[in-house]
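The structure appears right after this line, and notes come after that.
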Amino acid sequence: MIDQMVEALIQVLGTILVAPLYSGIAEKLKGVVSLRRAQSVLQPYYDLFKLLKKETVVPSSASELFVYGPYFTFGVYVLISFVIPVVYPRPVFLTPTVDFLGGALLFSLVSFVKVLSAMDSKSNYVALGVSRAASFGFLAEATLITVFFAVAISTGTNNPYVESAYASNPSHYLALDHLLATVSFFMLWLFETGKLPVESQGLSEMGMIDDSLTYEHSGKPLALLKWGGYIKAYLLGSVWLNVFLLPWGGQVGVLGAFFDIGLMFAKWMILIAIVLVAETSLAKLRLFKIQDHLAIAFVLSVFSLLFSVI
Amino acid sequence: MVALIVALLMLGLSPVAALINRRSGYIACSAGSAVFVYYGMTNYSNELSLFYVAAGLVWLFTSVYSLYYDHHRWLGPLYTSSILGMAIALTTNNLLVFLAGYEIMTIPAYVTIGLYKKTDYSAFVFMGFGELSTILILAGFLYSYVVTGSLSFSPLTTITPFMIAAFGFMVKMGILPFMVTEWLPIAHGNAPSNVSAILSASMTLVAVYGLTKMALLTPRPDLFGFILLGVGGFSVFFGAFYAYVSDHAKVLLGFSTVENNGAILTSIGVYLTAPTHTLASFSLITIAVYVLAHSLAKTGLFLDTGMMENESLILPRILKNRLSDVGGVLLASSMSGLLPTLGGVATWALLESLFMEAYTLHSALSIIPIVTGSIIAMGEGFATSTMLKFIIFAHIFNKRSSNEKTRPLILLLLGLLILAGGSATYIFYRPFLAGNPALGLPFGLIASEFSSQAFGAISPLYVLILPSLIGALVIAVFGKPRIRRSEVWNSGAPLNEAYTSFAYSNNIRLMLGKLLLTHIGRDGVKVVDVFWSLTHTVAKLFVSFSRHFSRTYMNSRLSWYVIYMILALIVFTVVVVA
Amino acid sequence: MNWFLKGVRKGVRTEKTPSDVAPWSTELQFKGIEEESGVTSESLRCPTSAIGPGWIAERCVYCRRCYPHYQPTGNHRMGVVKRVEKRFQRSFYLYPIDVGTCGACNTELRLIASPQHDLTRFGIFFTNTPRHADALIVMGIMTKGMREAFRRAYEAMPEPKLVIALGACAISGGIFQTEKIEADVVIPGCPPSPYTILDALIRAKGGRGW
Amino acid sequence: MKTRLIGEMGGYLLYSDHLEEIKTTKNTSNTSQEGSGRPVGSLIFQYGPATGGLIESVGMNIETFGEYIRTISVEPYKMRTISISRSIEDLLLSVERVNGNFAASHVTAFLTALENAYGVTPPRDVILGRVAQIELERIRNHLLVTQRLTEHAGFSVPSANLLYLVEEVNRVIGRAFGHRYFYGVNTLRGFRMDWQLDLPTLKNIVDEFQEVYRGILDNRVFIDRLQGNGLVSIDDSIGPAARAAGLMYDARLDGDLAEVYGEIGFNISRADSSDAFGRLLVRGQEVSESLRLIGKLNIRAQEYEAGWLDAWEKDIKGFTGGGLGRVESPSGDLAYYVGIHKGTISKVLLLPPSKVNLRLFCSSMTGNVFTDLPFNWESFGIWMSEVGVEFV
């Protein structure tokens, strides 16, 4: 049990502390391809560090939900990092808390609380973005659930760790259902993390979707929301890497857990490279075309499910 | 058994008491409901007992709420007699008594809607569908009598009685394409909120109860279940979808009931078609848990609308109160199917059972649960957006402050009940409990199983505790934020007009214009509910027929005719009961 | 893919040191034959009284009437930093607000994001909400319509925060001779060149300038 | 070419060949109309004045029932007043600052109005110098507009590349004229240049722009954001918007500098779609055309001492009259009317292109959605600074 706790600690701290780095690297490389020297790879840490020291401005009619909602969502993200194989390849302490589907429901819980917390500001700009996010939510949530199930059905269990091990077998890996689920989940990841062609981190308020959820926050709650965003990108990205794209190489044991952090770094460089190409060669879709993007992801995931049983 | 008699006696007395004094009627009804809950808990035999608990809790909360809400002299007697009818239907084992209870439950609802009516056809539509439901159920029961030769609920060898009755119950549940029975009377009849809660939360519960009870007596597995499964799935999607584009608070909730009943129907479908007994018993528990989750949350949300001055979410004026805010958010999160609430466990269990079924079937038939599961997953996405819409525009935007304590407290209690209820599901899922001491969970796991091996597992208790604990830890590490108040940032201008609920869901109207037949004209956006327009045509025909009939044969005012018909039905039922 | 390859092929185009600054956006210096005290704003017909004694950067709109008595030196480091905020050393988010510009300050401010200048390498970024901002960059003359918006933007920002006045209009009223806006950092120029802006921003967060 | 109404300037209507006093007042507010009354569930969404998405301060009141824009009205929050009761040289400095990005166009139109009032013609070299400035401004503006469009589309590499080119154009201008926005360059007596115009560098810039431009036109997703976005009616459009709709309409053909443009051989650029995409096409072509024109002008690095002003200075006291100056700014027709009473300026009227474009923008927004607003806005090249200016 002590071993499992240490492994859990490495997995969770490895997630919380390393997640911003990947965003930093991705932004740096994106800047370099855009002809610039660009910011330090450690920029996300600098931003978080500064925000944690700043004052928190709260809209006059907002309640505690506005201030403490981000703390709760951060807590849920940390809980999810116990549950899914994002560093260590075997179940760790507290892993059985929820299964894959439960994990998907926890992601929904986060977005529910995040939306309420942001809307508590009563800002029209937040409402504008939330109304968009809400209208795509049905496809996004459905895809997340079906993708998780696509592999669950091929293995007969909804335990993410078993699925990871199952997919590492080449014949399972190359099966059509696995490949479809892989593509589908990647498309979903682009949407969930606000990457092109779905969203761009621009300055225009008129195009905001995800950015609107942090539009009114400041200081510590903002830091936690941003940090939570990095963790979310890391969690979903790592699931994609460990369960779908590259289910190989995880080492066990306490020392192995340290090795796994390095391994994840290597895997992430591959993901970052793919995203870099996508982010620098694509433009942002028209608003109502985003549903097409998600609909394709959803249909692929449903096909993946069908192929896995027939 | 003593408890049941006491409960029924008190519920039976309450309409009489209400005639004399409304408050005493509600008090009697509350007390009866409390005893009814006690009866359900102490005599827990199978999943059907959970229906007693759910129904009793709905009546209890609504009756206590009505003490602070009612403002019409006929409302009390009608409301309490409807509850009496439900209690009879739920507790009897006799087919005819069930039907009598069913009618006693429904008829006061006609009258209430008739009293509050704003349009003619709403009462007629409700009555029309209500009687259609009764006729189908009666037919199913008669067939059952023919098969078994017994007037009590008894095991069947054929599925036909169940099939016929199922359609009757589905009409009552507002399942696609009968969605109109669910929201129309509430909206157009503009029923008071406590009656809405009864109509939407516990009347459909009785229908689900009847359906489940019949299913339990029917041979299993049967392919008919796949039809229920699929129809349920589409009801989930369309219910949630139309709820999302509704801006009338009660219509939204009515559609949400359609969605939840669809999920329950799907679960019944899984029960009927499950290839293994383990899966069947898992889905049976899921039906009951879903019913409990839906009844409590829906009751709470309808009672919430009772605190609105204007039932349109576009311009709601709701009493602002911290207690009801918290309660509302908790109820909405359960309706959104979010862990760790009761609704979250139910949603998880339903999806899990669908996918387990697809896995165990492992044939072309798997397509049905897979497609249904995917459609329900989409519906759940809409449900989350819908509930966010409700809670945002009822509780966050546009509100007035109030000092009222009691009604918000009821809402808060319901919210807390539903939050804690998620962890209480351990009691119901007793055969599926598990633990993993090596990984820090010595107990508290609900494992979904289709054979001896676990498919997946969740621990609502841990989900309830851990995030808040981690959040508190974060506060301990980084400190509490330094807070300064300032007005909302609206790009440098004062915020004059707030975002409306209509605008919130307008993206979908534009995006899914083909499905909604969106029309943008000079006066704004219009969407057409395809099922409604169909039913509307039928309803109009029905209304004109009834008018013609009443003018020709009654030569009197329409409302007299309605009252006459109701009285006749009451006499009929009393005779049957006797 | 196409644009990814193009971007890689074109390479990084960020300048290592400042080069190529337009002369009439830099510091002016007396280069005449007579005594400096002999030439005044009046004698040189300076429209904003930016002469005497010496050249007053805050007021100059670079009309060149004082030429050849005063000539550009090429020194772009004219910003005056009255308050340094070290907490923003590595992360500095700016919210620009235009209270009445001609548009030139706006363009020059945007151009500090051009690959040549690249503000992000100094940890400086633009943001679209004052809630996320560390500094408010105010440009232009204070117009009636924008006064409230400016106040709201300032109110909306969390502490600690800086106010940076950019361009002659904001810091002295410029050619329009209106009120000056009180600020922690003052960046003269009409408009200030991207070099001048970057230099002042870097010094405002405790750096050595650019 | 037939006479066209361009717009309204302070109680007068400006036609392509004359100015006419308005007899009946009609509503020319910047509001698009759809239906009457407010539908249920709609709200006025206030965008601006202080935004992160737009370069300048501007307030938009958008009537919407969610995402769909019913009507829009634009409010210039930054209203500046320029006093005309000052020396004409000081006034010139203010005119430069009406719109920094079109400073050369404004100064040229203003000076031309003045010169027309007095009936004097400046030396040809001065006119050529002004034309060169306007064309340089056009290149920079079109690059900036293209950059803004790519930025809104999150198209990071072309966006950075274009911003790089805008900065390079500014540097070319800065080296030649001493100032990147032509401030202090034009005087009543001519214009100042410090250095030869660096044509080879400018050619490289335009070449690289053309490469980027072709690249972005290849991207379906990007084009999709512009096509069908912001359709304008042809009749009342000016500048790139008019030419995008295929009209042979350009003040360079019939404005005050038409003669010079005619001599150096100006080719009008046109497209055949009156949406944001068409406007981008026109701008793309115009960048090359402007470069070609500048190459032919061969302006020299020297300051002119114009003698034409002497006549004016002699009888400055007694002169009463007025003149109109009209040039094609990067965003379309720009006109000044200067009235002189007994030797002092008594009236300055301005018709900036942004005022007309603003009306076009508003009318083309009905039926659009929020996310497409920035694309349509940028495609017109509107500068609020010149809309909110009043000469008193």
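Lettered A, B, C and D in written order, each chain numbered from 1.
Here, a residue touches a chain if its C-beta (ideal position, glycine included) is under 8 Å from a C-beta of that chain, and two chains touch if they have at least 3 such contacts.
Each chain and its UniProt protein: A = Formate hydrogenlyase; C = NADH:ubiquinone oxidoreductase; D = NADH-quinone oxidoreductase subunit D domain-containing protein.
For clarity, every value in this text was computed on a predicted model and none was experimentally measured.
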- Task: Report the chain closest to the protein's overall CA mean, measuring from each chain's own CA mean.
- Result: A
- CA centroid of chain B to CA centroid of chain C, Å: 63
- Query: Between chain C and chain D, what's the gap in Å when you average each chain's C-alpha atoms?
  - Reply: 25
- Cα-centroid distance, chain B relative to chain D, in whole angstrom: 62
- Task: Calculate how many whole Å lie between the centre of chain A and the centre of chain D, each centre taken as the average of the chain's C-alpha atoms.
- Result: 45
- Please list all residues of chain B that touch 2 or more other chains. 484, 486-487, 489-493, 495, 497-499, 503-507, 510
- Check each residue of chain D and list the ones that touch at least two other chains. 43, 45-47, 49-53, 57, 59, 66-67, 155, 157, 160-161, 164, 219, 369
- Note on the structure: Residue numbers in chain A touching two or more further chains are 33-36, 55-57, 124, 128, 131-132, 203-205, 215-216, 219, 280-281, 287-288
- Query: With chains as vertices joined when they touch, what's the shape: line, ring, star, complete or other?
  - Reply: complete
- Within the complex, chain C is touched by chain D residues 49-53, 55-57, 59, 75-80, 82, 89-90, 93-94, 96-101, 103, 144, 155, 157-158, 160-161, 163-164, 166-168, 170-171, 173-175, 178-181, 183-184, 192, 194, 215, 218-219, 383-385, 388
- Task: Provide the residue numbers of chain C that touch chain B in the complex, in ascending order.
- Result: 97, 129-131, 146, 148-150, 152-153, 155-156, 158-159
- chain B residues touching chain A - in the complex, by the definition given at the top: 240, 322, 325, 329, 333, 336-339, 344, 347-348, 351-352, 355, 358-359, 361-364, 366-367, 370-371, 373-374, 377-382, 384-385, 388-389, 391-392, 396-397, 436-441, 445, 448, 453-459, 462-463, 466-475, 478-479, 481-491, 495, 497-499, 503-508, 510-511
- Query: Hey, which residues of chain C end up touching chain A in the complex?
  - Reply: 1-4, 7-8, 10-14, 87-88, 90-91, 115, 118, 120-121, 123, 125-129, 131-132, 134, 156-160
- Using the touch rule from the top, collect the residues of chain A that touch chain B in their complex. 1, 4-5, 52, 55-61, 63, 65, 67-68, 71-72, 74-76, 78-79, 91-102, 105-106, 108-109, 111-112, 115-116, 119-125, 127-128, 130-132, 134-135, 137-142, 145-146, 149, 152-153, 156-159, 205, 215-216, 219-221, 223-224, 287-288, 291, 298, 301-302, 305-306, 309-310
